[in-house]
Structures are given as C-alpha cells and as structure tokens.
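Read from first to last, the chains carry the letters A, B, C and D; within each, the first residue is number 1.
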Amino acid sequence: MMAEKYVYELEMKVRDYECDLQGIVNNANYQHYLEHTRHEFLTSVGLSFAALHEQGVDPVVARISMAFKTPLKSGDEFVSKLYMKKEGIRYVFYQDIFRKRDGRVVLKGVVEAVCVVGGRLGASTLFDRVFAPYLSSSAD
Amino acid sequence: MMAEKYVYELEMKVRDYECDLQGIVNNANYQHYLEHTRHEFLTSVGLSFAALHEQGVDPVVARISMAFKTPLKSGDEFVSKLYMKKEGIRYVFYQDIFRKRDGRVVLKGVVEAVCVVGGRLGASTLFDRVFAPYLSSSAD
Amino acid sequence: MMAEKYVYELEMKVRDYECDLQGIVNNANYQHYLEHTRHEFLTSVGLSFAALHEQGVDPVVARISMAFKTPLKSGDEFVSKLYMKKEGIRYVFYQDIFRKRDGRVVLKGVVEAVCVVGGRLGASTLFDRVFAPYLSSSAD
Amino acid sequence: MMAEKYVYELEMKVRDYECDLQGIVNNANYQHYLEHTRHEFLTSVGLSFAALHEQGVDPVVARISMAFKTPLKSGDEFVSKLYMKKEGIRYVFYQDIFRKRDGRVVLKGVVEAVCVVGGRLGASTLFDRVFAPYLSSSAD
C-alpha cells in the first residue's frame, strides 16, 4: 500500500480575475498557488517568508517544472498539497493540486528551492532543523 | 445608533505575491479583493459571473474610487464588506476592508457597475430582482 | 484654444494575460498601467521608485478614482498620459489612457499620492524640486 | 560554430509591480513574460491568440520547466528569445531570457504546448503550416 506522502495541504478557490480570455485559470496563477502553499506551510512551522527576508535569509526558487493536467475554471475549489525532500543543498517541494469536487489531478509540480543568506547561496541550519520532521527520504 | 449596513462580508488573507517591493500589498490587488468580494456576493445570491458572461450578460465597472487608509502586509488577515444601492441604472457597491486583528480600516471603496446585455448598456430585470433584498435606500 | 496639459506619456500594448474571462483587460490591470506610467515618469526625471524605497522615501497612493470609458482588448495598443498638480501635501496625478488606433478615451484617472519618509507622512523637498517644472497650476 | 537557433525575440522592461517583497521579479511573472513572447510570436506570423480562441482553437500549455539563473530587478531591461521544435503532437518552445545590459542568462525555459480544437486534443494543420518555417529539427 502506498502511504500518503503529503505533509501539508491548503484549500483555495479560483478567483475570477485569475481566469484569462480562454475562460480558465491563467497558467502563471498556478505558480502563485504553489508559492502561497509553500509560504503557508512555512507559516505553519513557525517561519515567515517576509520576516526571513528582513533577516537577510531568502529562500529562492532555482527550478520549477509543472505538468498541467486539468484546467481550473471560475468557481472551482481545489486542494494544494505538498511533500518535500532534501537533495544536496536543494529543498525539493513536490506540489500537486487536486480539484475538490472530484479529486481530479489539476497540476503536478516540482519546485527546487535554495537558501540565499546575505546574498550568498548557502546551507541553512535553520531550515534543516525546521524541515527535519517533514523530509521524505530521497530513497522513497 | 448606527445600524450595520453591510449585507455581505468575506474573509481573506494576504498572499505574499500580492506584496510589492515596498513590502506592502500592491494597490492593484485591492481591486482584485473588491472584485472577488462582489463575485462571491453574486455567487451567494445564486449568480455566477462566468455563467452570466456566457449568457451575454456582463456586469461592467464604470467607475471606482478607493481611499487607502492602512496598508496590508504579509500575513495580514482582513475582512472585506459591502453594501449596495441603486442609483439610476447603476448599481453602486460600497466596499470597505478592515484588518482583522484590530478592526482598523484598510480601504474604503465605491464601485459603480452597470449592466451590459448583448453588448448594450441596459437595465437588468434579473439583477433588480436578485439584488432587491440587499439594496440600501439612497436616502440613507 | 485648449493647451495640452500632459507632461509625460508612455506607449504600451495589452498583454493577453491581462484579459479576463470577459475577454477584456481586467480592471485591476489599469491600476498597473497607471502605476507603471508614474514610475517611468519618475525614472524620466531621474528618480527610481526602488532606490527611493531603499533610502526610506516611499511615495504612497492615498486615493484613486478611475472612470472606465472603453475597454481594451487583446492586441490593443494604447497611450498612457499624465499631468500633475500639487494640492497641500498631495501630489495629484491626472492620468488618462487613450486607445492608439482611434484616440478613443479608455480611462480617466486621478491618483493622489503622498510622501512617506522614514514611516511618517511628510513634505518632500526632493519631490518638490524635481516635480517643479511639471506642476500645472491648481487654478488651471 | 554554433548557429543562432532563436527565431523570435522581444524586448521588455521590468515593471515595478512585478517585483515582490524580496525586491526581485516574482517568479510567476516570468511565466507571463514567456506567454507574452509566444503570443507576440504568434502575432508576428499572423495568428491572434484571442481570435483563435473565438474560432474554438486553443493552444494549451501541457508542461513548463524553468531554471531561474539571475533575478531581474526594478528597472532591468531584458530580451526574451525563443526557438521551437515539434515532438509528436507537441510544439516545444525553448525560451530563454537575457538581461540586456550584460547579456547574462536570466531564465531558461521549455514550454510544451498542444492544440485543443473544439475541446479535443488534436493535430493542427493550421499551426503545422504556419510554424513550418520556424521549426528546428529535433535532431539539432
């Protein structure tokens, strides 16, 4: 049996201004959904993205890949879920979005983030400590 | 005693991508908040902005004025409230946003909308009927 | 004869992602157009919005009103023009947008900005000096 | 000698509202830049994204991957370039963004698009014909 890997999830609802002239959510907004999910996850473990920035610690996205499976439309509710791994100095977030009414996969994304401290790429003992309970093993 | 005029309210939370380089919510996003509030109000009375559009009925904003009182920041929760009046063929939405933690006024807005049916400005018996229970008298 | 009051203008073109499910530019994007015009105007007189922020000087919008006259659509080119006055401690920008192909008025806006220095509302001798050549008399 | 593969390029400039509280362009906006570049490329070959949609032909993004190399900041000018290949029924756009002042790579992206006609995934003879002169061989 496959165990549920997700360590965080957030429910949201499409806002009409996020839809474009095709009548579906504009692709760039999915990146907003993924970012907001990661930042709310940070908040849930006691870290504030804005406060980190003021302390000179900036999580920065190095690479994103997204597969768009089912477009969201006006009024759709959805659940944005994530789990994470550490690979070298990168924190890799596996982020999937599901349409709420039928569980259909909307998007599957992988977001690789690194930590920039005082302008330099670096390891973050803070992140390592905070994320420890949430890291899936890379061997999974 | 002043009676509460608001007929609808919606709670939201600032998303970090809505903040700009000043570290506060970019002004254009308040227009998004106001629009989303009106559309959710429409939904609450049984109307879908997207479905209306497909039927050739488009509520269109003719005029907006907004006074910005207190900037919202990363992590702030807020309540967006509205009441409405009819003035001639215009539906006038009075929309105020309050910061949740202290009730402070964030923004006071007035949004005048008209109804475009099949490309022409017109009265909407549909809107008149649906909004009837929610209209404040203009003499208020 | 009416003299041309505008002191700055900027040409832009609608980007498809700025259109919403009604197939026209979403209203909030006009605020982006107006902001970008003001910031490019600042740049043209030697001021950088971002650099000002780093020095603790933040121009802040206190009030906006916009009348939406003709909606812009996919592919439309437009010209965004402005002139300004000083009223008390407020810098008032009169910003109008015209569709390029026929000169039709798209939007008429008035944006009142104040200057926040080190977190406090204040007069800005820097702005007064820089804007001096561009201020229309309030009696106009 | 490496031949230049790019078949289209577009110059743009960062707009301040595209920057977030880290003071750099928010990642989602790069997707906007890439989309706008593709749509302007379409326009340059005589196709309108909006007109296609009205005819029931919707180019849809199936997959995006982006590597973020150098963040753009307020005031930065950049060039967005693309070349494309056809792989099966997918049109694959290779899209790179360069900072103008020093040619530095900002972003390298790959965008896979498919064609939806009347709601169904399908080959598009229109696209095949129009894109023919611009397709790089997959063997490149």
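Some points to look at:
Here is the rule we use: a contact is a pair of C-beta atoms (placed from the backbone, for glycine too) under 8 Å apart; a residue touches a chain by one contact, two chains touch by 3 or more.
In this text the structure is predicted, and so the values were computed from the model without any measurement.
For chain D, the chain with the farthest CA centroid is B. Copies chain A and chain B of the same sequence differ by a rotation of 180 degrees once their CA atoms are superposed, given in steps of 5.
With each centre defined as the average position of its C-alpha atoms, the distance from chain A to chain B rounds to 30 Å.
One finds 35 Å separating the Cα centroids of chain B and chain D.
Separating the CA-averaged centres of chain B and chain C is a span of 23 Å. Contact with two or more other chains is made by residues 16-17, 19, 21, 23, 26, 28, 32, 35, 49-50, 74 of chain A. Taken in their complex, chain A has these residues touching chain D: 21-22, 26-29, 31-32, 35, 49-50, 53, 58, 60-68, 71.
Chain B makes touch with chain A in their complex at residues 15-17, 19, 23, 32, 35-36, 39, 43, 48-50, 73-75. Those residues of chain D that touch chain B in the complex are listed here as 16-17, 19-21, 23, 26, 28, 74.
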